[in-house]
Structure formats: structure tokens, C-alpha cells
Amino acid sequence: MLLEVKDIHVHYGKIAAIKGISVEVNEGEIVTLIGANGAGKTTTLKTISGLRGLTSGSIVFDGQDISKMPGHKRVIAGLGQAPEGRGVFPGMTVHDNLLMGAYTRSGDFAADLAEVYELFPRLAERRTQAGGTMSGGEQQMLAIGRALMAKPKVLLLDEPSMGLAPLMVQQIFSIIEEINRRGTTVLLVEQNAQQALKLAHRAYVLETGKVVKSAPAAELLDDPDVQAAYLGGGLGHEAPEAQA
Amino acid sequence: MKQKNSLEDFRHRLSRYGDGVHDRWLKTPGWQRWIVYALLIVGALLLPSESIGSFMSPYTDWASILFFPIGTYVVLAIGLNVVVGQAGLLDLGFVAFYAVGGYAMALIGTRLGWNFWLILLVGIGLCALSGITLGAPTLRLRGDYLAIVTLGFGEIIRITARNTDSIGGPNGIRAIPHPPSFPDVELFGIKIFKYGVLDPRPYYYLLVALAVIVIILVKRWEKSRVGRAWAAIREDEDAAEVMGVPTFRFKMLAFAIGASIGGAMGVLWAAKAISINPNDFQFLLSATILAAVVMGGAGNLPGVILGAFVVAWLPERFRGLQDYRMLIFGAVLVALMIFRPEGLLPSRQRKAELQEGSGGMGALGAEVPGPESHGEEVASK
Amino acid sequence: MLNDFVNQFWPATIDGLAFGSIYALIALGYTMVYGVLRLINFAHSEVFMIGTFGAMFVPFALGVSEPLTGLALVGVILLMIVAGTLASAGTAVALEQIAYRPLRKRGASRLAALISAIGASIFLQELFALLVIPNVFNRPEKGRIQMGLPRLMEKSELFSIFGHSVRVDQVLVIVAAVGMMIALDALVNRTKIGRGIRATAQNPEAAVLMGVDINKIVRMTFLIGGGMAGVAGALYLISYENTYYYIGFLFGIKAFTAAVLGGIGNLRGALVGGVALGLVENYGAIFAGSDWKHVISFSILVLVLMFRPTGILGESLQQARA
Amino acid sequence: MRPKTARLGGVLAAGVALTLGLAACGNGGSEDKPSGGDPSAAAPAGGTVKIGFMGDLTGPSAGIVIPPWNGANLVINEYNKTNPPVKIELVKYDSQGDASKAVALAQQAIKNDKIVGLIGPAFSGESAQVAPVLEEAEIPSITASATNTKLAENGWKFWHRLLPNDSVQGPGVADFIAGAAGAKNVFVIDDKSEYGKPLADAVRTQLGTKGVKLTNDSLDPSESDFSSVVNKVAAAKPDAVFFGGYYAAGGNLLKQLRDKGVKDAKFFSGDGSLDKGLIESAGKDNAEGALIGCPCYLATPDVTDAKVKGFAEAYKAAFNADPAIYAAEGYDAATVFTEAVKAGNTTTDKINEFLKTIDLAGVSKQVKFAENGEVEAKDIYIYQVKDGAITLLGKATEAKLG
């Protein structure tokens, strides 16, 4: 097992955002977390990448407990992330943004740059354009490409389809598949459950800070419970009471 | 490490205790609250007694420092709180309005010989006007730009006063008239309406009256539509604008109200001071009042009053430390901010805002909570 | 009036450039910290003050009392710059660790950090007036009195413009300041640490995800900004030959004004703002009298902000290229 | 809730204890605990009377106030060492130059400390506010450094000044500039302070009556770059420059003038610049030949007067520094009070009466007060910097430039 999230709890102030989520990611897989807005998907991802502290539980990556490891060291350990809202550096060129991805590494990145430009020909065209002036889809490509520059063992993707035109979504998803095919494990957070389930090997359904269901992705594709999760109904569980 | 934890623990317990007291207060019925208010006012009136003074200020005349700096700082802090605490506008030149009020009293009093009460009204009007004059071109600026512009305005007022010989230049103005006296009125052996040079208490009572009026007005505004608009601007100006709050107009209003309060205090202070000069209006005073507001708990009136009291009183109380008192004052300021960044008595809403990092001026830029920080300390947007 | 202006134009320009360069170097500290933390580091004025005393320590310790020439002069000047830089950079980093870091960890508002900065500023001034200056510089009871530096370099004329002489110390200040600017620009735009600073300024969360250690970047920012103030302190001292515990106040306000004028968060803006402020002050003083200098500079600031709400060059460490 | 409250109470109690402890420590200094007690008792207790000293002792202008404070201390210590029947305690009131604080301190001094006399306040601004309070409380005061002319125009009975005011000094120096120094084109600069501005104005007015070509500017002493002023001076090509202000700014100005090539214009200043600090901040070469007018008689190295020499030596022995600006005035002011007490006057009105009659050869001058509180001696002395030291040239009316 490459990444194991064990029963984590996360609080925002006094409000519990995550109330015991456990996720496992095996090497070579694409695993997806799906769920409605506010289900705790992004928070889970931020906790894994070290942007949030956890109140209890643990995160084990590559056999090492990284629960207390600062975020920037997790990148060195092998976690790469394309964050929610893409997080492109607006004042840097595409090229500089990609170099930022390789911030923790040293040596020659020519080969890696070439690979990213090969995956995203659009980025190659816009090498010297400032990140902030690009379209949403291009920014998403840049965010993914940038994360790849760190040569991560696990690539964390936070809602890569958000705000994109359907055609662009298709394009992004096929690139994710290609990245996975080339050997990078992917943990994908998506609101677009249909697309994500088609792509992923396994999936977890989140609802108000808890995992309500986990199964191979294909099995969930037509699951009526999944639809229900998006509408906020319970999955045979009682509605979790708010912890004050 | 362990000690740090117990300190943290203590912080949290203190905070919860404060919340508990606050809850009790909110549940208190109206008539009981009025009793508390009345007791507070009586307390304020009894404050300048020798027995309290000998503990509170062994090195300086207690009744005098109750008027200045304590009382003066309190009123100024209430005024600045409208601007900084309620509307969320960072004003680093609040002393300018205090100066305008002071000069209004001094100039009109000595040149035209008007009555103090009339000048008070005119002074308040003038200050509101100067608040609007400053606000009109600058209030469209955001956060820190406003800060430097207001700082500049404070300095411009002081330097202009210093450089203008027709209003006394660096010598300022002398022989400012006192408020009209009624020397025969006596209460508990104090001639409460005898405004002379020796007894500061009549001025102090006048100040208490001013403070009470100001507090009542500010409280009313806070609870009205205006207060809600300010809160909206403070938390998210863009959102407020989108929701149809005329942000510019409300920001102007906050500026004008803050300026008027500062000006009223300036008039009152000048009427006691006999003479004023431009050096009375240094930047340090603006900074100190701002420190009082933030330290007390920006936005929460009791907190702001407490903050002003502490800031004014500490250096006087510890005069015995002599040269070192300002050194210690600076260190205390840093320590207090580290220990209680939300202020001594923050309002609950503001505390939540500060935890969200949107309290008035937003959170520090490069802060990312990270795994070490506990969820309770930092929360995201 | 116009005649005065024509007569005094060149000397006012030269002096304005020299003094503006010092403003610019100090403004860099404000701008860098603001760019990364969105914090007005009010105590930066004291960082400058400490830089002047750090530089002062070198001739004091060496017992220099006569003007030097040749290699000795170059050596002492370099030592002064190094000492000033070390003192300032050390202060800035300590300031970050003690007065700001706990607040950052706690997610405090910038307002709280501002008050902490004002407190630290008072503390440092008093520390120097009461303890450091009397004891280190052996001036009992004179901590609050201006301290003069014995003349180190003869202020001879280097060349002249239209009959107005340009002195060697003025050229030194301008050249050194521009040199530091170029070095800093290269550092921020071409090095890894510079990329880290820019990334943190533009999006701290994303920077963490790239493996940037934000605490280290913040420390570096204070270190570099403080160092620049230290260089400014040494240059100021060499050129003006005096300092005192309260000297930071006015420089702080002016440099902050310069930073905002140029566009806070913008490194090149600091240079533009500093030089513009230096020039405008001197030109304005010709017409209005020297006592109106501050009023002139603040009025210019308001005017510029009314038409360009983010300063002459705009805020750019966050958005465009630095 | 209860245990929490109890613990909180404990913490608060600890805080209060700490506060009290600090306060107790704080009392260790030269300030004494307030006597408290019955406010109507006016007589001093236990054979000790208190004299206050008020001024900016820790603020930005402390450099001007610490020397007179030292001077006063010297007298009081000497006096107390003689084991007199009535000892004098010198109480320090640090106003930091802030008039409002000064008033509060004055009220403390009157009500609780029951001082019988005050040296100070040091500056004119605070004097304007404190003097009326002292007047009403009938406590005599002697200022050793506030020279603003208007202070004497209030009809105060208990206020005294130990040095001639600006309207004496200004014309005296101006006469010398236009007379003995023979200047025809003078540039007058002030520092926009309560002291420098009126002094420079007095010089301007007097020079105006002498048919001298006059140019003016002002500077901000908190700045360190005076190039805009200097450029104006360079453009005006004057043969004399007068600066009304204190020595720190004066020295900087002088240095920047000389560095700018204004070498021939004679540099004049007033008493605020009469300090070695002028030479330190201008540099020895630049300061050479600078002329300083002062209504004071300073202990320069070449002084012959035994009394002044003795004072200078005692001061140096006590404070490891040469007597600086107003040190002699502070010394004389304290001497006046000790004389009053020696003569058996221990109440405020008796001391004030004594001040009306005093005629004493002080270190700085002959001390004799006029009806309005001004000192009668009106001599202005001119000093010149020679070989890096301040030397006496003579009275302004007699001095010749060598």
C-alpha cells in the first residue's frame, strides 16, 4: 500500500470538517474521492498534502507516518498536488511555473520539461506567457504539469474538471489516464462523479466528513446510492449529528 | 514544550470563561443591565478619589491622569474604534482630528471669544468635515494604501500647524479660555463646575459625560443598519458592494463619525490645557490609540475602553521604573499581541472573524496552517 | 521663484538622487515583507537605525579619527557595510522570530501584527537609547544624543555638472544602491530562493505544494530586506556622518511612503518610489521652503494614489514579474 | 465552572502580586513614595523639603535637559553633605517634554509630594501649561532653559527665569552679526521649534533694521539631510548664516554647508548650539570659526573665573563629562533654592519672597530677578570654536573678530 489514511479527524475552529475518514491507495491505481460540496473531499486532500492539521488519526505514506511532517517535506517524500482552483503562480511564466514544480529537486530538468510539454502541447506553445493570463483549462494543464515536475509517487488532483468546458474535461481526463499509464499513482477528488468513476479503479463516496461507501469504481457507476449522496440523503446511515 | 501546552490551555480556558460571562450578560434582562450601567457611571464618577489614586498612580496626580491621558485615550479609542474596529479601515493618522478639534477650540476661543459649548459644536462639525475631506479622495483606496495616506494626513496637519505663523507656528496658542464656570455648585466638597487650572476633576466629570454620550451613540449606530453595513464592509468589501451596500458612503460615515469623536475630545482637551502646540499631535499618539483599540479587542467597546485604559495607565503606573518604562511598554505590547492577538476582550463575532483571518485587515499573507498547527487555532476560509 | 529653481536644479537633483537611493534601499525591506506577508513591518525603521549603529561600530572599534585614503578607506567602508548589514539582517530575522512568527502561527490578523511591530519598534529604540549606545559606544547618559562619525573620507569633488560639483560620497551612495538593486533583482528573478519568494508571495498554499518551506522563505525575506536596510544604514552613515536612536522614525515613514508610491510589493517600484520621493522633496523645497518637505511628499503620494491606486508601477511581487 | 473560576482567581491574584512587586522595585530609584496623608498640611516633614526638577529626561530632547538636571543634583548633593538642619530632596519629574504629562506631574508635585519649589519646566511649551498651575498653587519655579519671550508676559508672581529671553538674545547676536562681523548678506535659518523659531525671528527683525540683505528658510531638525536648505544658501552666497536651533541639527547643517562649498560664510547660532556636540556633529575642521551667541557664561577651558572653573571641575568629577548646555543654569537655579532654605525659608511663599530679593553671583551670571520673573542680567556673550574647542570671545557688545 502506497498511501494510507487512517481514521482522520479535522477541525475548522470548533467545527468538525472530517469525522473519521480512512482511504487506501495502492501503487499504480487511480483512486477517486467523490461526494457533494462540503463532503470533506478537498479537506482530506489538503490534510494529506499537509496544508491542514489533523486532530486525530494518521497518514502513512510509503511506509512512513507523515502525519506531523510539514507540507513542503511531503513533496520531497513523493506527494505531488494540483490544488483546488489550480494555484497557478499568476506572475510567473509557464516555464517558471513548471520550474517551481521541480523546486525540491536539483539537476537538469530538460527531460522532465520535455515530457510535460509532450503531454500538454498547449503549454509548449505558451512557454513565456504569464500563468495568470491563461484560460482555465490551460491553467489546469499547467497545474498538473507542474505537479508532475516534482516526479511524485502519488499525484493528488483536486477537482481538475471544475469550471471547464466538457471538451476540455475530456482532454484533461484522458491525460490523467495517460499519466497513470506511465506509472504515476493518482488520487483524484471530483465532484463530477460520472467522469471520475469511468476513469478510476476504485472510489470512495464521502458525505459530511465521512466515508459512506467504498467500492471498485465500475460498481458505483450506476449505483443509486451515489446519486443520493449528491442530493444529501443518507446511505442507510442516520444523518451525522453536528458536533459543536 | 509542556509549559507551552499549559499556557495554551490557560489561554483557552480564559477564552471560554470570557464567553461564559458574555453569555450570562446576554441573558441578563434589561432592567438589570441598566443597574450595571448606572453602577459603572457612579464608579467612573468616584474614580478620582485619593484612596484609589494612591494605588493606581503613586507618581502622578491621579485625577489629572484620569483626564489625560486615561480619559482622553478612552474617548479617542472609542472614536478610532468606529473607523478601525467597526468599519475595518486602517487609520494611522487619527491624531489629525484631535488636532483639528484642539485648534478649533484654541483659535475660536482666543480670537472670537466664543463660548466653550458653541465651540464644541463647531469643532465637531469641522472635524466631521475634515474627515469627509480626507475620506473623499482616499477611501476608494484599499487597506494599506489608506494606512499610509492617513498617516500622511496626520503629519500634514501637524506640520502645517507648525509652519503657519498666523496660528502660532511652533509656539502654538496660549491662554485658551476654560469652559464657563459655576463656582458655587458644590457636590461632596468638590466644586464640580469650577473650571480652573488647579483642580482637574471638573474636567474629568465633563469628560465622563462626553464619554457616556459617545458610548450611547456609538452603541446605537452599531446595532442599527449602519453597524451591519460596517460589519459587511469589514468582512468582505466586495461582497458588501455586490449586495448593494453603498460601501463608499458608509466608509465616509465611519470616517466622519470617528473624526467627530476625536474632534470633540480635542476641543475638551484644549479647553483644559491652557495652551496647545503642534508637538502635542505627534504620530506616536495615533499609534498609541491604535494600539489601545487593537489590544483591547477591536470592535468591542468594553474591550477598547479597557485597552485605552491599560495603554494610558501602565506607563504612568510604572513611572517608578523610570527610564525603562517605555522599553517595558514596548515589550508588553509585543507580548500581549503574541498572547492574545484577538485583543484582551474581543467581541465574539470578531473573534470568529479573526480566526477566519478576515478580521478587519485580513490574515498575514504567507501563513499556511500546516500540520503542526492545531485545528482550533487556525481555520481556513 | 523660477530663477531659484533653475539655479538650484542640478544640486537639488544630485542630492535628491543620493538621498532617494537611501530611501529606496530601505523601501525594499517594506516592499519585500509586504509582498510575502502583506504586513507593514513598522519596526523596519529600527532595523535601519540598528544598521547605522552596526556600521558605526567599525570605525569606533578601530579607533579611526582621521580621514583615510586608499586601501584602508576601502577596507573600512566595506567592513562598515558588512557590519551594518549583519546588524540589520540579524535584527530583522530576530524580529520575525519573536514579534511576528508567533502571530503567524496563531493566524492573527495583520492589525495585531502591526501593533506588535509598533511595540517592537518602541522596544528597540529604547533598548538602544538606554543600554546599547551608552554601553557599547561608551557614552554614559548620552544614549539619546546624536552621535557623530569622525570624517572617514574626504568629500572631494569627483566631477561637476554645469558647474555644480558631485561629491565622491554621493556617487558612492548612488552606485552602491543601484548595484544592490541589480543584485537583488537578479536574486529574486534568477535564483531558486528568488523563485521561492515569488511563489510564496503569489500563492503561499501552492508554494507549499511545490515543496517551498514557507518559514524559511519568510526568514530569507526578512534577512534580505534587513540586509538592504543595513547597507542603507552604512551608506547613510558614511555620507551624513551622524546617527541617533530615533533616526529610524523619519526614514521609516519616508521609505514606507516611497514603497507605496512605487507600488508596494514591487521591487523596482521601491527604486522608482525612493528616487522619485528624494527628487520631489528637493524640488518642492525650492518653491515652498524646506520646512514643507514632508507635506510635499505626502501630498504627492495622495495625488499619485488618486490616479494610480496601486502606485507608480503597481503591486507586482504578487502578480506580475518582480 | 467553580474550579475553573478558582484557578482564574489564583492567576489574577498572582498577577496583582507581581504588579505590586514591580511597583515596589520601581520605588528604589531617586523618586520617593508619595507621602499621602493630610493634604492640608503644608509644612515639610522631618527637616526635609522637596524641590522638583521637571523636564524631558528620557524623551527625544533629553540631551538638553540632562545637563541642567546634573547641575542641580550637584548643588543639592553638596548641600546635603554639609549636614544642614533642613535637608533638600530633589524630586525628578520626567515630563518627556509633553505638556499634558507635565501638568499631571505638577499636580502630583503640589498635592502629594508638596514641593516648595520647582526647577523647570525645561521647555517653553510645557512651561506655558505648568506655570499657571504652579501660580495658582503658589509654588515658586525657576526655569533654566525655557527662553520664549511670551512666558514673562502673563503677570505670574511665582515664575522665574534664569536666562535672558529670545528677544534679548536675538537682537544681541544680530547686532554682532551686522556690526563686529560686518555681514551685509545674511541667511537666517530656523528649526521650527518653540525655541529656534522665535530666536531666529528676533534676529531677522533686528537685522532688518540694519539694512542687511536677508534670506530665510527653515528646516526640520528631525531630518538629517538639509541639502535643500544648503542649496538655497549656496545660491544666495551670503557672508553670514544664522541658525536658530539646537546643536545636533546645527552641526549637521554646518557640515553640509561646508561640504557643499559654502566655505566663506560665517556661521552663527544661539545658545541652543553652545555645546561640544556642535563640533562633534559638524566635524572639527568644519566647525572651526563658528560663532555662537549665548546669554550664558559657559565654563570653557580658557575660563579664568575661579567659581566657574570650580563648577566645571566638580561637574566633570561627578558626571565624567564637561558641563554642557544649561548645566550652569541648572546649577544656579538649585543654588538659589538652597540659599533660600539656608536662610531659613521652608515654605513656598517665604521662598518666593526670598527669590524677589536674591542677588547672588552664580556660575552662569549674576542672579537677580526682575518684577516679572526675568533675570536682570542681559549680557549676551559670543563664543567661537577655535582648534576644536569653544572659547569665549567676549560680550556681544564688545567682542571683536580676530
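Each chain carries a letter (A, B, C and D) given by its place in the written order, and its residues are counted from 1.
Going forward, a contact is a pair of C-beta atoms (placed from the backbone, for glycine too) under 8 Å apart; a residue touches a chain by one contact, two chains touch by 3 or more.
In this text the structure is predicted, and so the values were computed from the model without any measurement.
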| item | value |
| --- | --- |
| Intersection of contact partners for chain B and chain C | A, D |
| Contact-richer chain pair (by C-beta pairs counted) among C-D and B-D | B-D |
| Farthest chain (mean CA position) relative to chain B | A |
| CA centroid of chain B to CA centroid of chain D, Å | 35 |
| Inter-centroid spacing, chain D versus chain A (mean Cα positions, whole Å) | 73 |
| Between chain A and chain B, centroid-to-centroid distance (C-alpha), Å | 48 |
| Interface hub residues of chain A, defined as touching at least two other chains | 50-51, 70-71 |
| Per-residue overlap in chain C, given as positions that touch at least 2 other chains | 205, 208, 214, 249, 289, 291, 294 |
| Multi-chain contact residues (two or more partners), chain B | 159, 162-163, 323, 326, 355, 368-370, 373, 379 |
| Listing of all chain pairs that touch each other, if any do | A-B, A-C, B-C, B-D, C-D |
| Touching residues (chain side chain B, partner chain A) in the complex | 352, 355-356, 368-376, 379-380 |
| Residues of chain C defined as touching chain A within the complex | 192, 195-196, 198-199, 202-203, 205-214, 316-322 |
| Residues of chain C touching chain D in the complex | 4, 7-8, 11-12, 15-16, 19, 129, 140-142, 144-148, 150-151, 155, 165, 167, 236, 240-242, 244, 246-247, 249-250, 281-282, 285-286, 289-291, 293-294 |
| Complex contact set, residues of chain A against chain B | 10-14, 50-55, 67-71 |
| Residues on chain C engaged by chain B in the complex (per definition of touch) | 34-40, 98-100, 102-116, 118-127, 130, 200-201, 204-205, 208, 214, 217-218, 249, 253, 256-257, 260, 264, 289, 291-292, 294-295, 297-299, 301-302, 305-306, 309-310 |
